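Each in C-alpha cells, the structures are laid out below.
Heads up, the next two complexes both have chain A, just with different partners, chain B and then chain C.
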Partner chain A sequence: MTTEGYNFAYLDEGTKRMIRRALLKAVAVPGHQVPFGSREMPLPYGWGTGGIQVTASVVGPDDVLKVIDQGADDTTNAVSIRRFFARVAPGLRTTERTAEATIIQTRHRIPETPLREGQVMVYQVPQPEPLFKLEPRRAETKRLHALADYGLMQVKLYEDIARHGRVGSSYDHPVMVGGRYLMAPSPIPSFDNPKMHLSPALQLFGAGRERRLYAVPPYTEVRSLDFDDHPFVPLRASGSCALCGADHTYLDEMVTDDRGGRLFVCSDTDYCGERQEQQAAERAA
Partner chain B sequence: MSGLLPGFADPVLDAQSSFRAVLEAMSRPGRVQRLPRAPSPPAPLGAAAGAVLLALVDSATPLFIDAGADAVEWVRFHAGCPIVPGAGEAEFVLCTGTAPRLASLRQGTDEEPQGSATLILQVDALEEGTGWRLTGPGIEREHGLRVRGLPEGFLAEWKANGARFPRGVDVILCDGDRIAALPRSLRIEEG
Partner chain C sequence: MYVAVKGGEAAIANAHSWLAEERRGDPSVPELSTGQIREQMTLAVDRVMAEGSCYDPGLAALAIKQARGDLIEAIFLLRAYRTTLPRFGASLPIDTGMMRVRRRVSATYKDLPGGQILGPTFDYTHRLLDFALAAEGHVPLPVPETDPGEDTACPRVTAMLADEGLMAPEQPSDAEPGDLTRTPLSYPAGRPLRLQNLARADEGFLLSMAYSTQRGYGNNHPFVGELRQGEVTVEILPPELGFPIEIGDITVTECQMVNQFNGSRTEPPQFTRGYGLVLGRTERRAMSMALVDRALRAEELGEEIAAPAQDEEFVLSHSDNVEATGFLEHLKLPHYVDFQSELEVVRAMRAAAAPAALREAAE
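And now, the complex of A and B:
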C-alpha cells in the first residue's frame, strides 16, 4: 500500500471536522451516543473501523500511539492498525509501552498499568447501545435514554440473579456514567470496569458499523450497574500468570497440548513483559 | 479580496493541534489551553477564536458571527460556512461583543442533545486557579477559573443551562491565543 496522495491520518479534513464536532458534544454529554457519518475504511466492519476513525480525527504528528487487541500488542488486529497509522500519519511514533503512549486504541481491554492525565483511550465498539439486546428499536432506546428509563436493564440483571445466583455478565457489563446515562463499556471484561471510574485519562468510544461515538471525560463517575444486596463483583480467573507470576491481573487461559494441559498468562502483554524484565534484572543483581 | 488575511499556515496539522486543545479544554473544564498554531484573523477576532472557527466550522455548520464584515469575509473564505442572521439558528455562535442569552440559542432535544449550539465567546481575560469554583465531569476535585468580560447574570444563566441537562449550550471562552471551555455538565460556584 502506498500512502502518497492520502491526507494525514487517512481521513479527509471534512470527515475529521465532522467527527471532531461530534466528539466535543460527546464529551459535553458524558455517556450519550452521538451519531456520526462513518466512512468506509480500508478494513472491514468489526475490525475497529470506529476506533480508527476516532483515532484518525484526534491523532497528530507529536503523538505516541499504542494499539492493543485483547490486551496484546502483537495480535493481527493490533499490528495492522499500528502499521496503518505509521504509514498514513508521518511523524507519529508507535509504542507497545502503556506509560509512553499518548493515545491508546484498544479492542476489549484496559491496560493494567494505571492511565494518567494526557492520555486518550480510544475503544473499538461493536454495539454501542447497551439496551440493544432488550430493545432492538433505535427510536425506542433513544426515548429510554432521554427519559433515563433503565428499568429494562435492571430487570435483566434481576433475572440473571434469579437464574444464576449472581449479577454480572463476564464482559460488556453496563455502566452508569455521571449518574445519568447507561453506557456500554464495549466488550471489556467486567474485571476492567472499575478502571473506568474516575480515570485520569479521556476515554473515547467509536462504533463504525453502528455509526455512533461517545465519551467519558476524565474523573467522571462510572458505576457498574448492580443492586444494593447484590453488588457488582468483577470477574477474574483464580490463578496467577505462568510467565510473571502476577495474581492481580486479568488472565487468558492457554491450552498447551492435546491432553488437557493448560495455563494462565496475563492478557496485557506489555505489563507482563515489563514484570518479567524487572524480575530478570532483580535476579541478575 | 485585497485585504484578506491568511488562515491556518498548515490547514491539516494546525487544525489538528487546535482541535486537540479544544478537546483538552472541553474534557478538563477550567484548565486554560494555549493554541500555538492559531492564525491571525482580522480584528476584532482574536487568534484563539479564529483557530477554533477554522478547526470546527465548514459548509455543514451554520455560523452566527458578530465580528463585522472583515471577519465574515475571512471565515467565509477559509471555512465556507453559511452565515445566518440570528444566533438562535446557528450551530456555532461567535461573539466578540455582547453575548446572547444562553436560553436564546439552540438547546438540542432530550433525545438528541448534540443538536445544541456551541457558543464561542471572546472575553477580556482568563485566569486559572482563582475566581469561580468549578466541579463536574473532567475535574478531580475543583478547578478555579476567573473570567473577565462576561455579561452580567451569566452565572444565573449557566445555572439554568445546567438545569436543562442533557440539553444545553456548551461554551468556549477565548482570550488572545488561549481558551477555556465550559461544557454543559459543568457546575460553577462563585469563588
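And now, the complex of A and C:
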C-alpha cells in the first residue's frame, strides 16, 4: 500500500485548520473540553486517534517527533504510530530522545527527562470526562463543569479515604487546572501528575472517539485533587531500576520466573538508556 | 537476564506478512476478485456501504476482501478512506416518492395503489441448505420481466393516512441539518442528527434495540406501513448553473413504521411515524432504524422514558461499531504502567490492612 494521494500528515488542510482552531480555544480555556469534528483515522478508536489528529494538525516538516506508549519507544503501538507519521509526513524526523523532540505523543506516561519550552506534549485520551464514572450523562457533566460543581468527585475521594485510608485512584487521578476546570490527565500513573504542574511545555490532549480536545498551556497550575489533611501522594514501586539503578523513576515490574522472582526497570526506556550510557562513559573515564 | 517482550518493528512486519498469507488462504484455490464480491456478496457490500456511509460498491468489495470478510473491519477501512475525500457539495434531498421500485410491501393494507411488489426477497424461501449451490456453474434462469406499466410514482401509505388526518404530521423545517461526521454530537441531538446516526449504526445493535421495544422495553406497537426498495436519482445544484443536474443513481431502502399513539393533553389519538432510510438493500436495518427512531421520539410525544431504546444519549453514543470495536479492542494494548500503579495501591492497602487484622484476631 502506498501513501500517494494523501496530504502531508494524512489530514487535509481544512481539517487541520478546524482542529487547530479547536486547540486555540482549548489553550485559551485551560482544562476545558472543546468538542471537535474528529475524523475516522486509519488506526482504530482507542489506539490514539485523538492524539494522532492533534499531532497531524500541529506537525510540520521541520519537527522532530517522538512517540511513546507505556513510557517506551519500542512498544508496538508507539512503533506503529511513529511509522504512520514517517509514512504520511515526508521530511518529518523521528527520534527516541526526549530532549531532541519538538513533539512527543504519548500514551500513559510523561517522560522522566524534564520538558522544556517549545516542546509539545500530545496525550492520547480514552475518556476526557473526569466525572464519567460518577455521572455517565455528558449533558449533565457539561452542566457540572459550567457551574464548577465538583462535589461529586470530592465525595468520591472522601469515600476512598474512608474505605481504603487513602485516595484510591492510581492512574488518571483528576486534576484542577488553573483553579477552574476539573480535568482528566489521561491514564498516566498518578506518579506523573506533578510533572504537569507549571510545565514549560505546551500540553495538548486529544480524545478521538469522544471528539474532545483540551489543553494545559505552559506554566499553568495543575493540582491533583486532594484534601488538606489527606494530601495527594504519588505512588511508585519501591526499589530501583535493575538496569540503570535509578531510584526516582517510575518502574515496570518484570516477572522473571514462576517462583515469585521479579525485578524492576525504568518504564521510560530513553531516560534509562541515557543513564546507562552516562554510567558507561564515567566508568571508561 | 529476562528481557521484557516489547515487540517492535520485526514483530509487526512478521505479523503483517502472516496476516497477508492467512487472508489469501490456500493458494491452490482461485483468488476471489473484488468483482465477484461486488456481484455475489451484494448484501455484505450493501451493509459495508451503509455503515461505512460511502456509496461505492467497488470500494466496499475491496474492503471486504482486505478484511477477510470481517464486515466491521471492512466498514472501518471504508470509513477511513471516506474521511480523506474532499467535499465539493451537498446533493439535493433524494425523492423516494419517485423511486424506481423493485420491492414494495405494506403490512397495513392487503392491496393498495401501486401494488405489493415482493421483489428479490428471502422472506418466503424455505431455509434449507441448497446443496446444488455447492456445485458451481449453475446460472439461474432470468426472471421474465413483467410490464411495469406506466412509470407512475407509488403513493405513500403514510400520506394516505395523513389525508384522513390519522397520521401525525412531522415538523417541517428548512434548517440546514447538522453533519455528525463533521460536528460532534451533543445532547439532545434532535431528529435529523439522530436519523443520521441510526442510518450508519451497527446493524446488530440497531436490531437488538428495536427488538427490545417489541418485547416491552419501550413498547411502541409498530406496523410496517410501507417498506420500499429501489433506485433513486441523486441530483446536485451547482450554483453556477442554477438548475439541478443528475449525478447518478443509488439503491436505497426506506421503511415507514406506523405506530399507535393514544393522544395527550394537546394531541388527539392518531398514528405516529418511525422512519428508516438506508443505503443499499439493507431491509433489516431500515426496519430497525424506524423502530428505534419511533422509540426515541418518546420525549417529543410526552411518553414516559423508561427503556434503553428511548434514551437518546444511550442509543446514539453506543451505536457506532467503528467507535465501539476500537475502544473495546484497545484493551489488547499494553496497560502495564497503569497496572503497575494498581499493584502498588493494592499492596499499600494490604500492608495497611494487615496489622489491623492481626489486632482484631488478637482481641
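Note that in this section the second predicted complex is superposed on the first by the 284 of 285 C-alpha atoms of A that agree within 3 Å, B and C clash if a C-alpha of one lies under 4 Å from a C-alpha of the other, contacts with A are read in each partner's own complex, and residues count from 1 in each chain.
Keep in mind that, in the parts below, a contact is a pair of C-beta atoms (placed from the backbone, for glycine too) under 8 Å apart; a residue touches a chain by one contact, two chains touch by 3 or more.
Note that the structure is a prediction, hence the values are computed from the model and not measured.
In the superposed pair of complexes, A:Pro187 makes contact with chain C only, with no contact to chain B. In the superposition on chain A, A:His145 makes contact with chain B only, not with chain C. When the two structures are aligned on the shared chain, A:Met254 is found in touch with chain C, with no touch to chain B. Judged by the touch definition given at the top, the superposed model places A:Pro217 against chain B, while chain C stays out of reach. When the shared chain is aligned, chain C comes close enough to touch A:Arg39, but chain B does not. In the overlay built on the shared chain, the residue A:Leu24 is in contact with chain B alone; chain C does not reach it. Of the two partner chains placed by the overlay, only chain B lies in contact with A:Leu202; chain C stays clear of it.
Applying the stated contact rule after C-alpha superposition, one finds that A:Arg283 touches neither chain B nor chain C. In the superposition on chain A, chain A positions 7, 35, 142 are in contact with chain B in one complex as well as with chain C in the other. Looking at the complex, you find that chain A touches chain C at residues 6-7, 10, 12, 35-42, 44-47, 49, 69-72, 74-77, 79-80, 83, 107-109, 126, 137-139, 142, 164-166, 168, 170-172, 187-191, 209, 211-212, 235-237, 242, 250-254, 256-257, 263, 265, 267. Taken together, the chain C residues at the contact with chain A in this complex read 1-2, 4, 6-9, 11-12, 76, 79-80, 82-84, 86, 181-188, 313, 317, 322-323, 325-330, 333-338, 340-345, 348-349, 352.
If you check the complex, the residues on chain A that touch chain B are 7-9, 13-14, 16-18, 20-30, 32, 34-35, 57-61, 117, 142-143, 145-147, 178, 180-181, 198, 200, 202, 215-221.
Those residues of chain B lying in contact with chain A across their complex are 11-13, 15-17, 19-20, 22-23, 26-28, 55-58, 60-61, 109-114, 116, 118, 137-140, 165-166, 170, 183-185.
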